[in-house]
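Chains here go by letter, A, B, C, D, E, F, G and H, matching the order in which they are written, and residues are numbered from 1 within each.
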Amino acid sequence: MPTGHDDVWEVYLSGEIHTDWREQIAEGVRRAGLPVALTAPVTDHAASDDCGAEIFGPEERPFWKDHKGARLNAIRTRTLIERADLVVVRFGDRYRQWNAAFDAGFAAALGTPIIVLHDPELTHALKEVDAAALAVAETPEQVVRALTYVVEGRL
Amino acid sequence: MPTGHDDVWEVYLSGEIHTDWREQIAEGVRRAGLPVALTAPVTDHAASDDCGAEIFGPEERPFWKDHKGARLNAIRTRTLIERADLVVVRFGDRYRQWNAAFDAGFAAALGTPIIVLHDPELTHALKEVDAAALAVAETPEQVVRALTYVVEGRL
Amino acid sequence: MPTGHDDVWEVYLSGEIHTDWREQIAEGVRRAGLPVALTAPVTDHAASDDCGAEIFGPEERPFWKDHKGARLNAIRTRTLIERADLVVVRFGDRYRQWNAAFDAGFAAALGTPIIVLHDPELTHALKEVDAAALAVAETPEQVVRALTYVVEGRL
Amino acid sequence: MPTGHDDVWEVYLSGEIHTDWREQIAEGVRRAGLPVALTAPVTDHAASDDCGAEIFGPEERPFWKDHKGARLNAIRTRTLIERADLVVVRFGDRYRQWNAAFDAGFAAALGTPIIVLHDPELTHALKEVDAAALAVAETPEQVVRALTYVVEGRL
Amino acid sequence: MPTGHDDVWEVYLSGEIHTDWREQIAEGVRRAGLPVALTAPVTDHAASDDCGAEIFGPEERPFWKDHKGARLNAIRTRTLIERADLVVVRFGDRYRQWNAAFDAGFAAALGTPIIVLHDPELTHALKEVDAAALAVAETPEQVVRALTYVVEGRL
Amino acid sequence: MPTGHDDVWEVYLSGEIHTDWREQIAEGVRRAGLPVALTAPVTDHAASDDCGAEIFGPEERPFWKDHKGARLNAIRTRTLIERADLVVVRFGDRYRQWNAAFDAGFAAALGTPIIVLHDPELTHALKEVDAAALAVAETPEQVVRALTYVVEGRL
Amino acid sequence: MPTGHDDVWEVYLSGEIHTDWREQIAEGVRRAGLPVALTAPVTDHAASDDCGAEIFGPEERPFWKDHKGARLNAIRTRTLIERADLVVVRFGDRYRQWNAAFDAGFAAALGTPIIVLHDPELTHALKEVDAAALAVAETPEQVVRALTYVVEGRL
Amino acid sequence: MPTGHDDVWEVYLSGEIHTDWREQIAEGVRRAGLPVALTAPVTDHAASDDCGAEIFGPEERPFWKDHKGARLNAIRTRTLIERADLVVVRFGDRYRQWNAAFDAGFAAALGTPIIVLHDPELTHALKEVDAAALAVAETPEQVVRALTYVVEGRL
């Protein structure tokens, strides 16, 4: 019987980096035995902030330090988003996480399917992002179930 | 001598889910030993209807239950159609099967080759869809023969 | 104050041709004074069916008569859909209207916004089409209100 | 002598809706006599929140009310962003403004030039968005000067 | 009532340059009052052959003379084909007219609708080109009738 | 030392089917040990002509027999051309070979590199096709040498 | 008789800014009465260097001063190149003019026709750029003659 | 834990061919054990200059010898740039290296991330190229560190 899981699905996990939601999804994917390759931005906060200045030299103005770092990180994030079959974007309750919303907009313009993951309290603030998503989840477990269904066709 | 079958052909089987036409094509492909990977939407009718509410929570209004399910299914169907080298779209004599025609339009806009599969009685009603196809078949066996010819170059 | 209506919006009205829904929308657009240009397929049913054979010569087999006509009509419909800023797709309660669903799929793959217009009874059958739309209307008047809001920013 | 201002430049003003920054830019453009057409999302907060439910009927769950509204607004915002030659994205010091970051990501993926407008305090939080921009301004007046330079070639 | 002729249709007339078929179509379009702008390659055979060497200097080897001319002509032909809403490709009974078939392939890859115009004797030799067309005409008058139908919706 | 031959190059051999030029190139590629996968249209002339009618049923009018066959062949040829890194197009001294020129135009619009292979006598007639190519060869051996250089970097 | 000059041709003049070649082309276009709109980067050298720091504030490090200026200029240059039907790139005998070569590469990847303008001594050094062009001119007058031929079809 | 290095990164090394910077990067990549495949143009200067004439026959005019060679090289360079996930462009202190800047413009238009590698003295002359890059390095070792960070996420 024809199925949909002949190829590996590449899933990019964008957004919040202070909780273990990526590990939870990774563990769920492993347990479910899904042919899913998870990718992510660099989640080491300090490395992500310092990479530009560390590699290419320090900057006096914080703006340019951030700029160098953010552009270096963009090599990784844009490449992985463009390769992805699906982008999961997680919003937490702290920080402004504009990069998560930026990634969602980027994926939306590429036509890449998006699943947004956030608590219900953020519903109104995230309505434009949710409206661009093909699914809105509240827990990592729901994301794993959605991946299982989408890739393997079983609930 | 140069041939055309160096890579696997990915063929998406869209449309009607109440007869065994996908199995017939799968069996024919297997017998012919074609380097063809068949993919399909989730063909378990109940799962396909319920997936959204089952995973992300129930809805009171049928419209939103359908919406959640259809958008979750779209993650699978659009990804597989975009990956496909060829889309086969089957129309049966029951139900309205607007999703099959939707898939055909989607594939047409992507420039992906389409084979439509239906009984001759549907010719007039399906004329716009047939006009966008590179072949119109009446039986799964004809689809297998077309795949054999296209991929292997033998009648 | 900046506005959004500097250019004319081109809106393609796809689908059902047996009621006067296009006229209702046209009348509403006129009354609201919207900078909206409405386009449509050829809605003269007989002309649409006969055009291919009429211009390029008769066919004995109905399949080829339909094929010639449908491909000639496609010159118009695809060009207008590709030009459109927005596609409204109407499904009525009669006929199978696979061409309407085909147009919706075509517009979806192009990334063109879609409004679907149909009675609530069709909700379940049209769930995949509705899921691809940015709005689902039940009456032509709602479409006009949506156009007014989208183009002029007023409710 | 050849110039660059033969056509009107369409500039989309995305983001914060609680201060008069759009009016300041509009006034500056008018004073400078620039061939620039400014567009914007619907900036009437209440209309923007209520439009979906108002036109297509009320929802009990806030999530779906927001969803209907946000998708209707997306017809306008995506169309105007796709038409734009340049997108200016403004971040204020209140609210999370994820839609502004979403628009920036959308424009970035389209390859449309972006100018970000925000106070220096937001530099670190906005570093990924700034990194995708071709200019980062702190005041509406700087945006007007940049437009004057880009379109007319004079400082 | 909504119509399809709000914008001018740009129609590129490719191929054979030794009979007056372009003038016949132009005359028919004029008589029918169609909002159609006809474009064409340079049809002055000598100018088309000599332009490269004439403007940029002579060549000893005929290959390079042809090359310079053909590349200069390509600035015009590709630009006009890319602008066109519809490409009409005419094959006559003399010469090999590979440039006409090249233009048809170019238009096909762009997804631009094609009408092929040729005598029935060429049917077998042109089958791949005809298969890519949305209509196959035998006379300029049929092309005019097709344009009238496509643009104005009347037979 | 970095090289360019990490991936297999897929090379589509389009055009003339009455001499053994494809075999000569295949033999040369084998001898040179190049990581090149050669693909081609169905080169069995009879099968290529009859495939449509043979699989989907006979036609009385030759036009439709050709149409069915040519559209079925297009599934193969367009897919292989779109996959190709390089298209070699061969023109012989007999027949009109409009399909070869069509393929060249198709590849040109996709931006795929083209090598044309023909005798010097055809130079003037093929000038538009040659002008779109990145190389013009007179013998299969030259094509093999060009492939060796392009893929392996050695003369 | 069908012609090619229904629309204005937008021609971007890239490269060297120290001689009056743009004015010569502009004068030639005017004399020939061509429907050609010429565009260009900001050719005021000082303004072009200083614009970023002037508008958005000074920088201590020259690298960032250049960066801000170059990115602001990119809003203009990329937009005008993307709008252009044709890009003329001029290389002089002084300076390295890497931005001119960059523009040529940018236009080449977009598929926009290119005419390169330079003295014969630069032929070897510019061979990759010339190879991507549809014409190589030595004088502004040749560019005007080429434009006249391409747009009006007369030598 | 999700990572970003599931697939090999293809990195094209464009530009200067007279120092061993490519070998230094290759050695660094090897030592770091990165899943990176490095590709490059043909770096044998004589072969690169002579390839066209050598394979397809000599030319009397240097312009055409260069043209044939440059177009043959373009088959390799464009294909490898289009395949690349990242393009590193090196400018040395000798020669004009317009092909390096051309490659940078080509990659920029494709949206492919760019790292530019040059000495600080070239900063002003290369400002437009640097402005299009996501990183600017001064040494091959910095490029290796950037690759290590981007691909493996570690400093």
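In this section, contacts are C-beta pairs under 8 Å (C-beta built on N, C-alpha and C of every residue); 3 or more make two chains touch, one makes a residue touch a chain.
Just so it is clear, the structure is predicted and the values come from calculations on it, not from any experiment.
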- Task: Would you pick out the chains that touch chain B and also touch chain E?
- Result: C, F
- Touching chain E and also chain H, the following chains: F, G
- Query: Where centres are the averaged C-alpha coordinates, which chain has the largest centre distance to chain A?
  - Reply: E
- Mind checking chain B against chain C and telling me if their interface is mostly the same residue numbers on each side, over half, or mostly different? same
- Message: Quick check: more C-beta contact pairs at A-B or at E-F?
- Response: E-F
- Note on the structure: Note: chain G sits from chain D at a C-alpha centroid distance in Å of 30
- When the C-alpha atoms of chain D and chain E are each averaged to a single point, how far apart are the two points in Å? 42
- Chain centre separation (chain C, chain F; CA means) in Å: 41
- Message: At least two partner chains per residue is the criterion; list those residues in chain A.
- Response: 71, 74, 136
- What residues on chain A touch chain H, complex-wise? 10, 13, 22-23, 25-26, 37-44, 47, 50-52, 54-56, 68, 71-72, 74-76, 78-80, 83
- Residue numbers on chain C that touch chain D, as the complex places them: 1-4, 6-7, 9, 85-86, 113, 115, 134-138, 142, 145-146, 149-151, 153-155
- Query: Which bits of chain B are touching chain C when the two form their complex?
  - Reply: 62-63, 66-67, 69-71, 73-74, 77, 91, 95-110, 120, 123-132, 136
